[in-house]
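Next come two complexes, and both contain subunit A; in the first it sits with subunit B, in the second with subunit C.
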Partner chain A sequence: MSQSVLARNPSVLVFLAILGLFTLGVTLMSEWAGSEVVSTSFVKTLGKTLCLALVAVAMDLVWGYAGILSLGHFAFFGLGGYMIGMWLMYERTHGIVVSSLAEAPIPPTEAEIVGAIGNQIFGVVGSREFPAIWAFADSLALQLLFVVLVPGLLALAFGWLAFRSRVTGVYLSILTQAMTLALALYLFQNDSGLRGNNGLSGLQNLPGLDHVPQSSVSIWFFWASAGALALGYALSAWIVSGKFGSVIRGIRDNESRVRFLGYPVEAYKLFVFTVTAMIAGIAGALYYPQAGIINPAEIAPIASIYLAVWVAIGGRGRLYGAVIGAAFVSLVSSWFTGGQAPDVNLGFYTIKWVDWWLVLLGLSFVAVTLLAPKGIGGLVDLWTGRQAPDRHGADLGPDAGSLREAEAER
Partner chain B sequence: MKPIILAVHVLIVSTVATLAETGPIQAILQEHGDLIVKSSRKTIGPAIEAVATSGLPEAQSVLQAWQVKSIWMRKSDGLFFLGERIDSRTYRLIDFDTGGTVGEFPKRELKNIKPNSGIRALIGTALVQFQLLDPDPDRRREALDAIERSPDASLLAPLRNSIEGESDAGVRARKMRIERLLTIAHGTGVDERVAAIEEMSTDLGVDVRATLNPLTRTEVKAFAGEIPDGLNVARRLSPGSDDLPREEAYALLVATGLAPATVGRDAVREALIANLQDDAAGGVQAGELGADEARMRAYGVLARAGAVPPLVTEAEIDAALDAHVFAAVYAEASPAVAAAAESALARIANRVGLSQGADLALDALSLASIYFLAAIGLAITFGVMGVINMAHGEFIMMGAYTGYVVQQFVPHHTVSILVAAPLAFAVTFGAGVAMERLVIRWLYNRPLETLLATFGISIALQQLAKNIFGTQARPLTSPGWLDGAWVINDVISISHIRIAIFVLALVFLGIFLFIMHRTRLGLETRAVTQNRRMAAAMGINPDRVNMLTFGLGSGIAGIAGVAIGLYAKVTSDLGADYIVQSFMTVVVGGVGNIWGTLLGATGIGFLQKGIEWFNPSNTLAAQTYMIIFIIVVFIQLRPQGLIALKGRAAGN
Partner chain C sequence: MSSLLEVSGVSVSFDGFKAINNLSFAIGDAELRAIIGPNGAGKTTFMDIVTGRTRPDEGRVLWGEANVSLLGLSEARIAREGIGRKFQKPTVFEDQTVLENLLMALRNARGPFQVLFYRPTPGDLDRVHELAGEIGLMDALGRKSGELSHGQKQWLEIGMLLAQEPRLLLVDEPAAGMTPAEREHTTTLLVAAAKSRAVVVIEHDMEFVRRLGCKVTVLHEGAVLAEGSLDHVTANRKVIDVYLGR
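And now, the complex of A and B:
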């Protein structure tokens, strides 16, 4: 046990090396470096994909390792985006308001500036007063803290209530889905204080950096996303590698036995749930400045289900699987829905992928669940020579719910 | 003979027209000829009144012709006739008094009387009294509609006169009711109006409240010294109380010119900008004016110099408020009428409140039956079999689209619904069986993966429906006998389609209970659910039973889809809108128990309507709070659902 985490998890080093090379390659080929190979908008797409990969790692931690199918992690992702979006929007509007008021014959007072910002931001929802939740919007440090704190506290409160009452399995999934739905519906209201269904916009412009071209801003965010993914991946690998990881895998496979062995199951689950919510918040805070806009539709329950889809397709229970799944599905998805995929002419009917992509995704998802429970990540096993034991298709444990042979690793 | 000859002479002199053609209505028209030709809304009144009150049988036809712009004046003698168009240049003139044709005239010899819309409205009001006595009851009803649209004091007398001879009982009742309302608003005596108010104080109609409300409307007024006599004072107000905040009281004084206006921050800023000289105002440099304190100092200097109005201090505001008396004054002059209206409104409000409660309960019941309908299929697949089917909503959608497709081929609505219901069952039964065979049977031990796989099917089906039927909503038209509503009184009403859905929900409950407890399939289903191996040992084929049970649950979802499609628009999102609520219904009620599902649906329906009642303008908030409430109740109080299974049936 004296070996370091990295020595016990060679895949972490491989992953970090690949990520580093990828980041370097994209940087050199970007417009920032004077090359034309990778456009600024594609750098943004890649940066966003890295953020999605980070939230997928969080999802894998909570579902693939701890067995909690949370349908609420994209809500935490969105909350992180809202927290950073509040500061971006406030500061940028502040700059605009100050420069426009500076043309008046006498300088404005503080109250006048704040009033004008409020009018600018909340005019679309027929209000001009700052709601209480914007009290700290002028402080970058506090809003960055909230990026972690707000999703974390929400997850802590919800998880504490739910795990304490021993709500597990499918019931927990439905409850997390209901929580996400409630949050989205709440944010859709105009008087929620976050501009209703208009959401927060103009987030791609960094306050005070108007002179910096978007090609530079996009590459900065790309680096930040890559760095966050590297850190999040390493953190997750560290969490699941030691004794703690063994316990949460035990909870996934048979919760009651772990409890009978004397482990405080609820505390373990609560920890994983909260930490992954925080990671999701950070990923969201990096994602939405690159996307430029956030609105409540982003955190509808369907988004969280897609997150589970990515992890399942990539291969749950292994962290690189989540990254592969998120990157693969979101990039392929944008390729198909962006109209770049060639239409298939069947003679009597032409398949337009813009219309048929979701059908294909849904069916391939069913196929992955049924035929390849290990997902894309399972391909790595062929290469590393990991073989499942041949027990002729039986379950690996005495219970019907235990791992089946096809899912076992060694 | 002599007086007659004299009169003939006078007439010849005064009208120039030939005597024989001038009947009594023509005489009236001639008397107001100038006004009629001038056609001004301000002056036309006497002319219309003269015709309307002439008592002549032709008055109505004259007014009608006037209203539709078919009165023509012959330029040669100034007489008025009804004009009929023969061609674009020639008109046939008809005499109003005799009804006989006078002759055909070229258009250039005639002048058309064209009343503007204001005058036509006045004519319309004048016509009402004729319509009230019209032999056709429909015309009389139209006249009453016109009175309801624009109640006018002048209509009261003709309305009263028309009640006596009314033969149609329905129209008579309406006339009497409108007469009461007109009396309340425009009656002459206080006693008469109070009596009418008392009489109508048990009526829940919106029009009664609309008539009474203006009588109780008050306006806050400020008086220097004592309140003058002759005003109908509702109550005195003291500034600074909840009824009259200090700022409002002072703003009232300012608005009535009894006190100088306060100078707000914006006004200070404007004044400073206006008095900016050499980059300084009031001796303060412009650069320093970014703080409130500096601005006040500069403004004080300017005010002392007389350049700007002085600031109003708090003490001055208090003094001004002390010097005046505030009172809420009724717009209605008579205290007795105002008091009667107040008490009548209070009584009506009580009754309306009770009725609204009943109406809300009916609404909640109908919402509950919709939720129950959406969830009952799920109660079988999820509640009994334990399969999480996220595509359940899409089965509902498939049923609704089946109904839509059937209506494209079967135009008769009643028949099409009767065809659609079994067809929808067949379609979704088939889809359910196929899904069970192909996907779900491989995942019975892994509920989380069932959830995700069925979700994949759900998005595929939704997109498929979009590709086939497009994104716009498709109509599923209900039969004529389901249109309309059951109206109990002015507040309580429920549409027939909601009653039908309620009945359908009860029928489905009955079918479910019958199948589960009285048929072989139900027995086998329960056996397989409780102990699959034991059931297999007893000769039951569990695969077949699971397949049929799943098909049954899906088929019921299809029929529910037809019913929900009648009530809501058919879109590809139809199912997704109900899926979360359906799962909550089953889970909250307690899995595996149909009575729990019923209780869950009722609870959620009443809860949602109840929360909506607190905040009717914001249904989003209502749904949010309902979901949070359910989450908290569920995980805190009854994690096993409202009706939890006990003993062996509870399983693990």
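And now, the complex of A and C:
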């Protein structure tokens, strides 16, 4: 089975090989390997970028292949981060509390320990009680399960309601924006149980591994991110390779035609929406320990829009396009906003990239959409000699998400 | 005679305009039927009702031996019941190859999980090749269907319809935009298909209908104006007035 997938998609092997070489290269040049070339903080940046690439692959699956322009997938990404963040914060605070109480003359009871942990974690929001959603925060296994389960269930419930009433196109996009906005606003509240706008912090410290330097932790997470991207990419390639891929591309280009073939379109959309939400959750769970902090601002509606922009710039409808888009835009973005880009002095005005980067990104998005709808990934076509078939100017289907002629390949 | 599809007393109005007006229609197993009528007579709307795209305001649509009502069912469900449809404008999946189009249509399990693990069996591929031969697209199997000519797309859509193995085929203007030779081929395909299943063909072209050599139903203003052999209906005064006389 997997062999035929790879045979039909040589790009998967090429991608995995490049990813493997990249991982090896970064590893050898990292502080962990005793080299100075790649700093620990840059290893973290690269690891985070791989996670963004993974969520972009999920976005491409749901938008580029199934034609559902979800502008809410960063909510699932954030939820994944929160789920793992709860365990990281709980366990680490537990360790700190236990060692500080160890000196006490009377050994503390379990209730006292839990109370002290609650005080530590929720002091900032004026509380000390553990909210019910933290009930399993001491169990790594359960919180890891929640990383996929919580985003998956939210996507399932949301998608069931939306797809069943046949909400499509712009209306669906707006609805997903509303979902992520509502979630962000809820989490901003102090009594949401997730520390309001403080979010969860100190996530870069792994409980019980205080003696391990960050140079090691960072490289572990880098490997894990690369592995997750490789698996997510291969899984997505497998999903879109066979008849399932045919059906979801058919849904994208002409939803009602697929219905008249007898396919339950809503079930397919729900499947893709939910699976991609779970992939997004995993990506988020790997991202935030490398970022060190997660707060509700992370899942603001704009984040999900960026995600769509990455995929569009990289080239939707091809998985490596999503990876290229996410990696390229997020690295360039951190270069511009990190103050490394030289200011441009126009004489009468100095362009500071920190302020102007977003304008540049917006303009590139418009330019790509109008002039090169295949995105950066389209450059690969120049090399492999793929051309667009001549459709005499006709687009591929009547549906809102359908591919335009300029995006098609022969 | 028990019929495969029975439509009775169906009416539909769009913003007060009665597109279908108390229409009744029945077709039996392995029957070929042509529907003719002027533009706007409601022919396409009739197919929309049977396939679940449009809900009628009143009337009944009964299907099969068990006389199941199709009215509450989704489009996909009706398709799985065994009703296939070809649209007036050819609609194939342009970004996909002829092979992919046919494989998607091929009668197999339709659920997401079954489809996810589906790999074409040798039998499936044989069937696809056989169909491709019938519709003259054997050499085009690997081509993106968006590149096909208009007539070839029509055929591909007919091929997809046959691949579904429906019990009832609803075909809307299959010969539009075809050369005379292509039309002839299309007639052959439809007549052959009607040997084992019911086929309803909407067509404007009288020559084409004559070659089908089947019973004809004339629609006008959303209702049946006349029904019978082509010679019988074309001799009908009312039919000449509304349709042929223009």
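Assume the second predicted complex is superposed on the first by the 392 of 410 C-alpha atoms of A that agree within 3 Å, B and C clash if a C-alpha of one lies under 4 Å from a C-alpha of the other, contacts with A are read in each partner's own complex, and residues count from 1 in each chain.
Basically, a residue touches a chain if its C-beta (ideal position, glycine included) is under 8 Å from a C-beta of that chain, and two chains touch if they have at least 3 such contacts.
Keep in mind that this is a model prediction, so the values were computed, not measured.
K.L.:
Now for A:105: first (subunit B), second (subunit C), both, or neither, which partner does it touch?
P.N.:
first
K.L.:
Of the partners subunit B and subunit C, which touch A:153 in the superposed model: first, second, both, neither?
P.N.:
neither
K.L.:
Quick check for you: in the superposed arrangement, does A:332 touch first (subunit B), second (subunit C), both or neither?
P.N.:
In the superposition, A:332 touches no partner, neither subunit B nor subunit C.
K.L.:
Check the residue A:254 against both partner chains and state whether it touches subunit B (first), subunit C (second), both, or neither.
P.N.:
Only subunit C is touched by A:254; subunit B is not.
K.L.:
In the overlaid three-chain picture, which partner chain does A:358 touch, first (subunit B) or second (subunit C), both, or neither?
P.N.:
A:358: touches subunit B, not subunit C.
K.L.:
A:242 in the overlay: touching subunit B, subunit C, both, or neither? Say first, second, both or neither.
P.N.:
second
K.L.:
Which one hits more subunit A residues, subunit B or subunit C?
P.N.:
Of subunit B and subunit C, more residues of subunit A lie in contact with B.
K.L.:
Counting only touches as set out at the top, which of subunit B and subunit C does A:293 meet: first, second, both, neither?
P.N.:
Neither subunit B nor subunit C is touched by A:293.
K.L.:
Give the list of subunit A residues in touch with subunit B in this complex.
P.N.:
67, 69, 104-109, 111-112, 161-162, 165-167, 169-171, 173-175, 177-179, 181-182, 185-186, 188-189, 191, 301, 305, 308-309, 312, 355-359, 361-366, 369-370, 373, 395, 400-401, 404
K.L.:
What part of subunit A is in contact with subunit C in the complex they form?
P.N.:
Where subunit A meets subunit C, its residues are 1, 4, 239, 242-244, 246-247, 249-250, 253-254, 256-257, 259-265, 267-268, 271, 389-391, 394, 396-397, 403, 405, 408, 410.
K.L.:
Over in the complex, which subunit B residues touch subunit A? Could you list them?
P.N.:
So the residues of subunit B touching subunit A come out as 265, 269, 272-273, 276, 281, 286-287, 289-292, 295, 388, 439, 442-443, 445-449, 451-453, 455-464, 466-467, 580, 583-584, 587, 618, 620-621, 623-624, 627-628, 630-632, 634-636, 639.
K.L.:
Spell out the residues on subunit C that touch subunit A in their complex, using ranges where they run on.
P.N.:
Listed in rising order, the residues of subunit C that touch subunit A are 51, 53, 74-77, 79-80, 84-85, 87, 91, 93-96, 100, 103-105, 110-112, 115-116, 118-120, 144, 146-147, 160, 164.
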